Structures are given as C-alpha cells and as structure tokens.
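Structures for review follow.
The following pair of complexes shares a single chain, chain A, combined with chain B in the former and chain C in the latter.
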Partner chain A sequence: MYTEKSKKLVRELKTSKWLPPYNNILINEISTEITELHGKLLQSLASQNEALTVLQAGCLNRSKRSVLAYLNFRASKLETLRVENGPSIPPHYSHQLSGDEIDYFRKYSALLQEYSQKVSSHLDLTTDLMPPKDLFIEVRVKEDIGDIVLPVSGQVTFKKNTSQLVRREEVAALIRQGVLQQTN
Partner chain B sequence: MIKGSYWDIDDILAEEEPVMIETTKEIKGAGFLYPQGTDLDLKKSSRFSIPLWLGISMARRDLAKIEVPKFFSDSYRNTLKADPKIISLKERTNYFFEVGIKLSDSLDGAELVKLLYKVFLARFIHLFNEITHNSDPKIIKKLTELELELYEKGMRAVRELYDWKERKFDIIRTGQSVAKNTKRFKLK
Partner chain C sequence: MKIQLNDLVEVYTQIRQDSLDKSCSLVIFVGGDVDGICACKILTSLLHNDGVQYCIIPVANYTELETQLNDLTDPNTHNIIMLNCGGAADFTQLIRDKGLVCYVFDSQRPCLPTNIRSEYVRVVDETYIEEDLAEESDQDIESGGKRRRERRDPDKKFTTEPDASGVYFGASTAGIIYELSRKLNRGTLDMLWLWIVGLTDQLLHNKIDRGEYEAKMNFCVNEVVSNPQNIYRNPTNIQDTEDDFEIQSGQKPLNSISIEYKDLRIMLYRHWSLYESLYYSNYIASKLGIWKEPGKHRLNEILAQLGIPLQECKQQYRFMKADYKNTLKEKLSLIGSNYEIDDLFLTTCVRQYSRKRQYCAADVVYSISALIECPGILEESEHPETISLQDKWLGNFWVAHDALLNDSLLEQGVNLAIEQQKAIIQQGTALIDKKAVSPASEFRYAIINSDALTQTKFFHHPLALKKLICFIMEAYQSSRKNIKPKPMVLCIFNSQRNTYFVCGVISQMQDKNDFGWRFHEAAETVQADFRRDFFEDTYIEVRKEHFQAFIEQLIAEEI
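Right, the complex of A and B next:
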C-alpha cells in the first residue's frame, strides 16, 4: 500500500509527550513515493482508466496531507513553546528539531518581539493577563543556576533549595521554565 | 487546531482505521491496494481491509461496498445500549465516535448517529461527574482519544476554578510542555 509510510509518520507524533525527533528519512521516502505515484497517475490518465486514477490521486493527496499536517503540528508546538518558555529552546528539545524548525522558532520569536516593540517598548505579550497583587514574590529555587544578572535588581544568586524575595516580572520566565517555583 | 480540519492529526488517524470492503468492479492496475500487493489487477468481489478514508472514497464511486465493522454490529450495539458507561471503547478503536460519524454516510446513517449521540452523552455525563468529584484516575484507561482530551481539559478547568476561589490567580506556573519533560531528561 502506498500510504503506509505517511501513516507511520503521523502516528509518531502521538508516541512522545512533546515531539518526536524530526524524521527526515521517512519524509524523503514519502516524497519519492509521491513523485513515483504522480508518474503512474499521468500514465493512467493517458490510458483513460478512471477508477484507477481516482485511487491513485487519493493516495497521492493523502500522503501530501499527512506530511503537511505533520509539519504544521510541529510548528504549532514550537509556537506554544515560545510563549511558555521564552525565546530560548531548552537543550533537551533542540536535538528533536530539524535545522529549519530551529530557524522557524528564531524567526517566530523575532516577529513576536518586533510586534511587542511596535506596540510599546515595555510590552511582553507572553506574561499574564491579570494584574499581579504584589510587586515582589517569594520563590523557591529548584535547580542550581548560580549568579545571574536581572535588569532592575542587578546580580542575584540562586542556590538550590533556598527561598528568596524577588521582583515578579523579572523571574516570570524562569518560573515557567521550571527553574524556580512560586511559594506564596 | 480546528477539529476535523485538513490539519487535524486526530482526524487523519481516525481515517486510518481499517475497514473490510468488498469490491464490486474489476479495476485494472489497482492491485497495489491488496495488503500483500502481489497481483497487478484488482479483481471483482474480493474482500480485504483498507484504511477508512480509501474505503469511503471507493464506496462513494460504487467501486466497493463497506462492511459494518464489528463494533457497530447489531450485537455490539445492544451491548452499548445496555450500559455505555463501563465499556472500554478504547479496546475497539481509539476514535470510536469519529469513525462512526464518518461511516454513517455509507451505512444506515440516521440510526447510527442517534446511537452514537446517546452513547456519547451517557459517557460524557459520567466523565463529568468523575472529573468534578475527584475520582479514580483509572477511568482514563477506558476513554477514547476524544474523551481523553475532554478529561484533560476538564481537570485543568477544575484546578483553575480552585485557584480562582482561593484567590491564587496570580501564581506563575511552570509551562505544560516543560513540566512534562524535565524528569525524563534528568534520567538520561
């Protein structure tokens, strides 16, 4: 059967919690299959075999749809990642992606920033919609990340399993990445 | 992603569900449809299983007839009517309702849709009670893909309602996609 490979490709998306590694080999195989099928389709069109044409065109469009849906699904996951996790790709994610996808992520991120800057220089679309109750929040450090420099507070040291009072908007991204946890 | 759209991968997978068909015409050169795929031509009145999407498109053009799958047979319909709540539809197919709706055009449409509606409603009410009353997580073993999605959304809504009642709405949480994965990464 012609569409077995594209079925396998789409099924892969369901097997992992985030995204499976980009399956370059399978996509190439499918695209050669499509080209082959297209050749046969032209032949059966010439011989006026209607029923066969319908079946072949069906298989061709099916493979095409599967691959496009696969790519689109991955792209939309990347957009979600940008909103949840900020402008960097976590290291354990980057080897699941193809070069083009990393490029897509960067460009999407750049577009988002460009839009934010056009609206106002301090706007960040990815922070919360509700006004916060306090300027400062208490956080618990879950991973050792050492010294980092924050825009307003300056240098701050985060040691594992300690609690600190920090400015809310500065650490929001870190909390979403799972490095810190809000406690109050 | 819109449900049932061109881009919906659940829709694609639902259409991959195998169905049995019987061909009504001989088609020259279409032997590639056979599971083994050794013959060159497709013979008249041969029975074999193909993906649902192809079956539907063949049935529409009178090239083949779709046979009723076991999970929509009369005896199984009676089981469904008896108590839809406790049956594990996942054992039959992960996309029970989607397959049913797609097949309804080629089978006895109205009756099947009515039955599916009843089954879904009964199961949904049961599911809703389970979600809002904090019950057994084992329930997810019996759910189809569609119900599982409803379950996850329901659980999130319950948590958000709780946060709102406790006035915890400004707590920043770790993002979904990150939270699920960090643990596995650490083990490597």
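Right, the complex of A and C next:
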C-alpha cells in the first residue's frame, strides 16, 4: 500500500508528549517510495492509462504533503519552544531533534534577537501577548528553589509547598518551567 | 501585648505600610483546620488587593512551626501573622532574636501570659476586658503547682505548656478577619461565606456550643441580608423567564448566599440519598440506635410514615420528586417527636456554587476537613510512593485551600466525607456493640488496638478522631435515659509510627477542656515518651511501650 508509511509518520506526532525523535529512516523510505512512484507515473503517462495516472499522482502528492506537514509541525514547535523557554534547548529535548533542526532553532533564535534589538533595545518579544489582569499573582511553589533575587522585589525565598504573592512579570519564566504554579 | 478588635484596622494599616515602605515581605502561618484556612483566604484576598506581598506557610503542629520559624532567613521579613496556631506556645525569645513582630490570631484560649506580656507578640483578643497583667502573674506564683508548671525545659520550649484550668474557644478567626474587612468597607460575599463556614466549623468540631453558635449566626444573618452583592434578596427582573425558572426550581443566582432558618441537621443530605444520610447522621443514628435491628426497623418506620417510597429514598436526594422534598421538613418534625427526634433544625446558610450544586455551610466544613485529612494523595504526582507524610499533608492542605470556593474539588471532598462518615458510624457502633467503652470515675474511654482495617486509617488524624468521639458520646447519651454526660477519651494505635494517638473531648455541659493538662501530667508521672505539639491542646501521642502505664495513670489520677 502506498502512503501507508507517510500516514504512520504523521501519526507519530500525535503519540508523543512534545515531539517524537526525528524519524530519519522512515523519511528516507518515503522518499524512495516517492521516487519509485514518480518512475511508474511517467510509465503510465506514456501508456495513456488515465485511471492509473490519477491514482499514482494522488498517492505521490499525499506522501509529499505528509512529509512536509511533519517537518512544518516540528519547525513550528521549535519556534514555540524558543518563545517559551528562551534561547537554549533543554537537554531532555535535544536528542529528539535532528542536526538540521537544531541548526534551524539556532538561526531562528538569532533572527528573533536581531529583530527585537532593531525595534528597541529593551523590548522582549517573547513575553505574553495578553495584557495581565493583575500586577500580582499568587503562586504555589512546587520545588525547593531557595533564595533568588528578583529585579523589583529583591531577595525572595521559594520554599516547597508554600504560596506566595509575587509580581507577575518577575516569575513568568519560573511558571513556564513548571517550578511555580499559578493559582486563581 | 493584647490587641482589641477596635484596633485591628490600625494594625492592618501598619502591616500594609510596613510592606509598601520597606518592601518587606509578610509571612503567614496557617494551622490545619477549616476555620484557619477560611481566615487565611479572607486575609490574603485583602492583602492581594492592596499589593502586599505575602508568603503562606501551612503548619500541622508546633514542631513544624518551630522549624519553619527557624528557617526564616529572609532579612526582608518583618511581620508574621499566625492564624489558628501559636497562641499556646512560648516563642517570644525566637521572635525577639530575629527582630520580628508577630500577630497571633488564635481561637483557642487561654493564651500564654508570656505571649501577652511580650512586646513583640501581639495577640488578637475579641473579649473586651482589660486584664491586669500584674494580677495574673501574681496568680501564677500563688497557685504554683496546680495551675502552671514553672519548670521550663530549654529543649522543649515549643511543646505547649499545659494549663490546668483547661482550654476553650473564642470567636472564630475567620469571623475576626471578616470583621476587619468590614471595618475597611471591603467585605465581599466570598468573605462573608468564609466567615459562615469558619463559624460552622467551630460548632461541628465541638469547639463552641449550640447557644453560642445561634447567637453568632444571628450576626451572620444580618450581614447576609444587608449585603448589597447578595442579589437573591432583591431580584431585578422577575419577568425574565430565566429568573422565573430559577425561582421555581429553588435555584438561586450563582454565588448568592441564602439563609435557611430551619435546615435539617442531617449530614450532607443534599449530596447523598435521603436513606443513607439519615442512616449515617450522628444525631439520627444515636437517637434510633441504628446499629441494632430495632433501630433499623424504626428508621424504616419513619420513612413509611413520611410517605416516601424506599426507591425514592435510596436515590440521590437531588433527583427525588419535588413533592417529597417540599413536605419533608414539615412531616419530619411532626413524626420525629414520636421517636424523640425533636432537635432537628439549625439555622444555617446555603450558597449556590454552580448551576448544578448548592452547598450549605456544614457540607463545606465536612468536605474541607475530609480533604485535609484524606489518607490518600489528592494531588497528581509522578512518584506517589516517595512522598513523605509531611509533603502529603501539605499537598492535601492546598487542595482543601483551593476547594473552598471551587465546586468540583468540593464535590470530591464531599465523596471523601461520605466515606469518612461511614467509617465513623461503623467504627463507633462496633465499639459500642462490643462494649469496648469502659467507664472511669470522671470520663469514659475506649482503646482501638489495631489499625489493620482500612477504615481506621481515617482516625489517625485529629479532626476525624474528634468526630468519632463526638458520635460515641452522642450515642451513649441517647442510649439510656438519665445517664450522666461524661467526657470521653479515645486511644487509637498507629502501626506505622508504633504509637497510640489519644484525644479527649468534653461533654456539652462543660465549657473548658482540661485533657491537655491531664494527659501531660499522666505522661510525665510515668515518664512516657510522648508528643504533645498539636495546635489544639486536647491530643497526645504516646509510644506504644509506655501506653499501658500512661492510661492506667490517667485513670488513677481521677480517684
């Protein structure tokens, strides 16, 4: 069955929590399948078999679209990662990515930085787009962090299983990392 | 130093000013009872609106409180607030050394005189009596031995110091904090509800008696009626079809509080089936003697006289036919008098939490206390088996904290409370059936020697154990006529810790609970290993090896 492999590839995206490891083998197999199909397509064109031509062209296009969707989805996930987590890839994520993807991430990161410096030197484009309702939020501390120094509040001690009222923008990064949890 | 209620606004302004001027943070310690959590919720919402940065640290007992106090290293911390903890322990030295100021809101009385004398500890007391401190200190020395132990062990400075006259409870802490918010003109409907819950908690956990509850409930009722946010009182557009539906179905606008002048004292009946909630209610179960065959028979008789088919009774109360529900109270009060069930009603408040569910204040208290003391783990976690007991308690505390104003979590708590109540009735009736309750001269006592059954796991926690004792006392009271009401002591073995957990509850006739002191005396006399760092001074934990001597001493002391 043609396109079976490409279906499997796209399904992989759904099964993992963030991204599945980059499936080089399957992509190579699909690309051989596409080349093979292309050869057959030329043959059936020459023999003027219309039904077969339509079928083979459809299969070819579908496989191509699936691989492109796979790559595009991964790329957009990487962009989200950059915005949410800052310019470095967390170590437990890096082995899910191919070399090209890591390269893509770096280049995207550099572009983003360049652009935000061009707009204004103090602007951080990666903060939340929604304006906050409140200057302060209550957060629950999930892990022991100890003393940290925040820009406005100064030294703050985060002890596990306590709740604190803190300035929203100061702890946004910690909330994204899952160390703090916002309560309503 | 004592702070009167009238000065509370100044105190609050001072705390706020300190925080804004010197950018110092505020630390709030909360004890693990429902009233304390309610108070904490009210206070933090006030502080939140003022932009005062705070840190809430839940503490289960005095040992934890001491460690947490010692761990306070942040130089910015200047003020500490203690909610329902800290009144009975002497930590003035520690506070002074760290240069802190501590405000204590503790409903348990009496407060240690050393705390009242100290400049750095400020105890909030609602009773408007100017006590002469000098006189009090004279009294201490005069009555020496019996009244207070002067000997102070430096290692044990944090164990509560026993007071022979016994402990009792003042106004609920949530009530005091609500009073503060009212004086600041910032009382909201949520805060009012939390006060009502805090007050109900005091009644249900035997901290205040019915008369006091009714008196204070009157204040609540006044507040509910006069609260402008409580739109149920003045519905704007009755012509609206949706409102019409709400009035017909007994549903109220979301989050509104309504007063029930005669609510049934049947446990959780809004969320249970009528049959089971009657069966498992402390009051009905003890009056009918439900654990024996005639008792069950009498319950069926009552239901037959009510004219409600068994099939209807055994389904969820919410889905019972409206006709039955509407006439239930009236009929029950008529029929009840034939069965000596005449004290069925209580004034309480009901809040519409969501479109689906209403909760009365007692439901919330049962649900929250079940959540705090849940034997399992409520929070999602990756490695549930590695969680320490303390972390488990803290996790459950926060779930309970969030549940107060959250419909779905509260429902989870109600299910737990139902399980707990079943365990209470089963365990209680088993003890009475086996005649395991023995009399001493001034109290009754029972010992549970094995915790192999899963249901006994509930009773390793203070609030659940107290509820069990309350049920046994009530059952004893109604089992025979003219029986003298006696306090009750219950001991339960904890195989994990290899200790016995002991609690003493006084009868409604007395107003002060002196078991804390009695336990302490008995344990000291037999030189037992014990732990008495509970915020409520009616518990003790004794090592298994020393328990036999301890209980014998406790009984002998009476004579």
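Following the convention adopted for this analysis, the second predicted complex is superposed on the first by the 129 of 184 C-alpha atoms of A that agree within 3 Å, B and C clash if a C-alpha of one lies under 4 Å from a C-alpha of the other, contacts with A are read in each partner's own complex, and residues count from 1 in each chain.
Please note the rule applied: a contact is a pair of C-beta atoms (placed from the backbone, for glycine too) under 8 Å apart; a residue touches a chain by one contact, two chains touch by 3 or more.
Just so you know, these numbers come straight off a predicted model, no measurement behind them.
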Worksheet item: Which holds for A:S44: it touches chain B only (first), chain C only (second), both, or neither?
Response: first
Worksheet item: Now for A:S116: first (chain B), second (chain C), both, or neither, which partner does it touch?
Response: neither
Worksheet item: Between chain B (first) and chain C (second), which does A:N161 come into contact with in this model arrangement: first, second, both, or neither?
Response: second
Item to complete: With the two complexes superposed on chain A, say which partner A:D147 touches: chain B (first), chain C (second), both, or neither.
Response: second
Worksheet item: Between chain B (first) and chain C (second), which, if any, makes contact with A:R65: first, second, both or neither?
Response: first
Worksheet item: Just chain B (first), just chain C (second), both, or neither: which does A:K17 touch?
Response: first
Discussion item. Once chain A of both complexes is superposed, is A:F136 in touch with chain B (first), chain C (second), both, or neither?
Written reply: second
Discussion item. Once chain A of both complexes is superposed, is A:E84 in touch with chain B (first), chain C (second), both, or neither?
Written reply: first
Worksheet entry | Per-residue touch tally on chain A - higher for chain B or for chain C | B
Response to the item:
So the chain A residues that chain B and chain C both touch are 134
Discussion item. Using the touch definition from the top, list the residues of chain A that touch chain B in their complex.
Written reply: 1-3, 7, 10-11, 13-14, 17-18, 44, 49, 51-52, 54-55, 58-59, 62, 65-66, 68-70, 72-73, 76-77, 80-81, 84-85, 90, 92-93, 128, 130-134, 137, 168, 172, 175-178, 181-182
Practice prompt. Please name which positions on chain A make contact with chain C in the complex.
Written response: 134-136, 138, 140, 147, 153-157, 159-167, 183
Response to the item:
So, in the complex, the side of chain B touching chain A is made of residues 1, 6-9, 12-13, 16, 25, 27-30, 32-33, 35, 37, 50-51, 53-54, 57-58, 61, 63, 169-182, 184-185, 188
Practice prompt. Over in the complex, which chain C residues touch chain A? Could you list them?
Written response: 23, 25, 44, 47-48, 51-58, 71, 73-76, 391, 394-395, 398, 401-402
